[in-house]
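For reference, the structures are reproduced in the following blocks.
First chain A sits with chain B, and in the next complex the same chain sits with chain C.
And then the complex of A and B:
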């Protein structure tokens, strides 16, 4: 058992990080290669200017029309995506670990604030799950995998929160936290989580079609 | 305004569809009879694997089922927000299922897929503007139509227009001599107004080739008359081709018959090349513009069209701002303007259109939403071309357009696109809106000075 825990807390962290980065990298490269082979026309229409125009428009909160039609969902979703990166990357205890490994560090969030932000992330994820139940058009699209994806993100945040407070079974909670974090990283390149890579690409292409060919707005 | 209760349960909808399908579309039913499970699977996998690429893959893998596309769709909004009609649901009920079952789908599934892709989506791309990721659902619906085409289960009426394209290179079985005859007839009539008016046929080296869609010579010849009057009054060096290639419409583009679609566009551009014209100007049609500005050129390996293609809206704008046509007295009635998807969302001509309307009309009121965000006419994307059997459901599926039109309080609706025009005319009658419907050219013709432009005056 101890050797299993040692593996989870040690080499597995590296393995999952490599799968996450390598998987996304591989996916990105294979997309570009595949575009070259099968759909080279995509490069004929893509322009940096219109790609950035479209991405920029969609990064400004409530600028696109559809985001104004679903303001609550959009606001929560927007905040969630920021916190999803900010909380783990600027958490003091994570920075300490990275400092031990690489001798680099950066300013950390105040622990109390990070604690609240973690609760916000958890609340947002619960909101997403409830929304899947409550809004008919979302329910219609939802399958079990959508809840599974929510669960996969929820786990590291919940276990991290519990581990920080050391309310019970601290040792096991840390193991569960690390394990679920690793699981999430590993799943990203192989699931719809990979929209972190593909969404900017589809956005850029549609933005280019609208800006470059259609001379119209796409927001 | 009439409203119809169309909240149906999943089951009653299905049974309804089956009934109406069997009663109304022999092409789909007889096509389905001919299919074997092997052919279905082979065809679906061929299209989804060989005719798509990373773009399709990214669309399928990127959708997070957030539902933001729902608010974009006229079908969804007109059917009391029935989730079945939201854009992503159309993908779920066609593409996702085909992928999950690796093409091994039933005939009932295909019957529903024809319906979803051909009758419940106008491929207007409004949803692409509502998706945070810019996923192009219209593209995927056209892929489903492509599959239906290859399985030979395309709805009968629209298939007939494609057959006509294939044989005559025009959409309406217009014969070569009828075409020339119609042009000469309009030329003769228009000489009542301008003594020396000509519709110059095959004039090599003219500045402009004017092109129309086949329904114009078939039953709206007056539009050619009006265009000729404007060209003559504006002193334009123009011509019309006497040979096949004059029709810029393209229904094959909407049935997924890409090979014929490509042939049509190629013949069109070759006709212009043969006449060595500088530009192509076309009448008030949206899908035809899409064909020659966006789709047909790509199939024939031109990134952009080989000729400058000028839609009527942009051309009117040019004539009026250059003073080639002057307005005698502005149109008095209160007008509103419908932005067709293919020239607004497809080419950004909405602002020019508004400038023209304001130059021609005294009292213009915008509809809400407008420009790129305008609601679809419900007829475009080949939906109206699926014919009379589906008219009633088209009226139900476009209730939100009727509400949008009624809210303007306008007396006259300007619809600068043939498909929109026909669809909105049906809407106006069905919902008993007290509105006249006109092309922008109708109003310009009505209000313009009937004198010949001389430069410098």
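And then the complex of A and C:
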């Protein structure tokens, strides 16, 4: 059992990190290559200025018009996306592991606060799932895979929460936590989670077309 | 449209409500189960964490007697001596506190801060011997 844990907390972390980074890199390169082949004229009006302007505008909460039309959804979505990164990256237990592996360290969240923020992430994910059931136009666009992906993000947070509290089956909870985290990393390049790469590309394209061709705003 | 997708979209409202009810009930009963079985009093021998300024976790569960037995009275396996970064074989350091050499922060005299010293010594030995706790909460059991 210890050797299994050593594997999932050792080589398997590297394997999933490589698939995550390599997969996203491959995806990015193949997107740019296919644009080069099919619609190379896009590059004639893409500019760094308009790309960054669009990204910046969409990073300011409630600045884009369409985010103001659904304030509750966007408030939860903004918060969720920030916490999705902040909670795991600034969690004391994770920083201890990183420090022992790479001798680098940074300030950690208070454990009690991180605990509540984890519950917020879980609540947001449940909200996303319920919203898919409740709002007809979103139900229409929803397939089983969308719920599966929500479950995939839910798992590392729920198992991490339960492991922190050591409520039951601690060893298995940590194993499930590590494996589900790694699974999530591996799935990112091959699923809609790759919007962590493609969303900025969309903003770059839209920002350039609206800004540089139509001379309009895209927010 | 793929048939499995179509089925999902045209599922009736009644069905949806039942799904939501089932999910909510399932989550609630899981939470209840957790709360009921979480309470359990136990006495555990622990390491004293006085050398740490503001420990985030309770001292690790540790039985000195069990370790003496399992390590055949070879104190130097844990109570080791390092000189200029090299392990001095045969020398042992029972008369010192771990924190006498391992300060809290990395310094020129000490490459291995106290927390990492404990973690590496305990966990790596447990991994090497395929025996003993290796995960955070297996030593730092909640009080």
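By our rule, the second predicted complex is superposed on the first by the 213 of 219 C-alpha atoms of A that agree within 3 Å, B and C clash if a C-alpha of one lies under 4 Å from a C-alpha of the other, contacts with A are read in each partner's own complex, and residues count from 1 in each chain.
Here is the rule we use: a contact is a pair of C-beta atoms (placed from the backbone, for glycine too) under 8 Å apart; a residue touches a chain by one contact, two chains touch by 3 or more.
This is a predicted model, so every value here is computed, not measured.
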Original post:
Given the touch rule stated above, what does A:206 touch, chain B (first), chain C (second), both, or neither?
Top reply: first
**OP:** Applying the touch criterion given at the start, work out whether A:174 contacts chain B, chain C, both or neither, answering first, second, both or neither.
**Re:** second
**OP:** Have a look at where A:142 lands relative to chain B and chain C in the superposition and call it first, second, both or neither.
**Re:** both
Subject >> First (chain B), second (chain C), both or neither touched by A:38 >> reply: first
**OP:** Look at the residues of chain A and decide whether chain B or chain C touches more of them.
**Re:** B
Original post:
Between chain B (first) and chain C (second), which, if any, makes contact with A:165: first, second, both or neither?
Top reply: second
Original post:
Shared contact residues on chain A for chain B and chain C?
Top reply: 139-140, 142
Original post:
Any idea which chain C residues touch chain A in the complex?
Top reply: 4-5, 8-9, 16, 19-20, 34, 37-38, 56, 106, 115-116, 119-120, 126-127, 130-132, 134-138, 141-142
**OP:** Mind listing the chain A positions that touch chain B in their complex?
**Re:** 31, 34-35, 37-39, 41-42, 44-45, 54, 58, 64-67, 69-70, 73-74, 77, 135-142, 146, 192, 194-195, 198-199, 201-203, 205-207, 210, 213-219
Subject >> Complex contact set, residues of chain A against chain C >> reply: 2-3, 5-6, 92-93, 96, 99-100, 103, 111, 130, 133, 139-140, 142-144, 162-168, 170-171, 174
Subject >> Contact footprint of chain A on chain B as seen in their complex >> reply: 53-55, 57-59, 61-72, 76, 81, 83-84, 86, 88-89, 92, 128-136, 294, 298, 303-304, 344-348, 369, 372-373
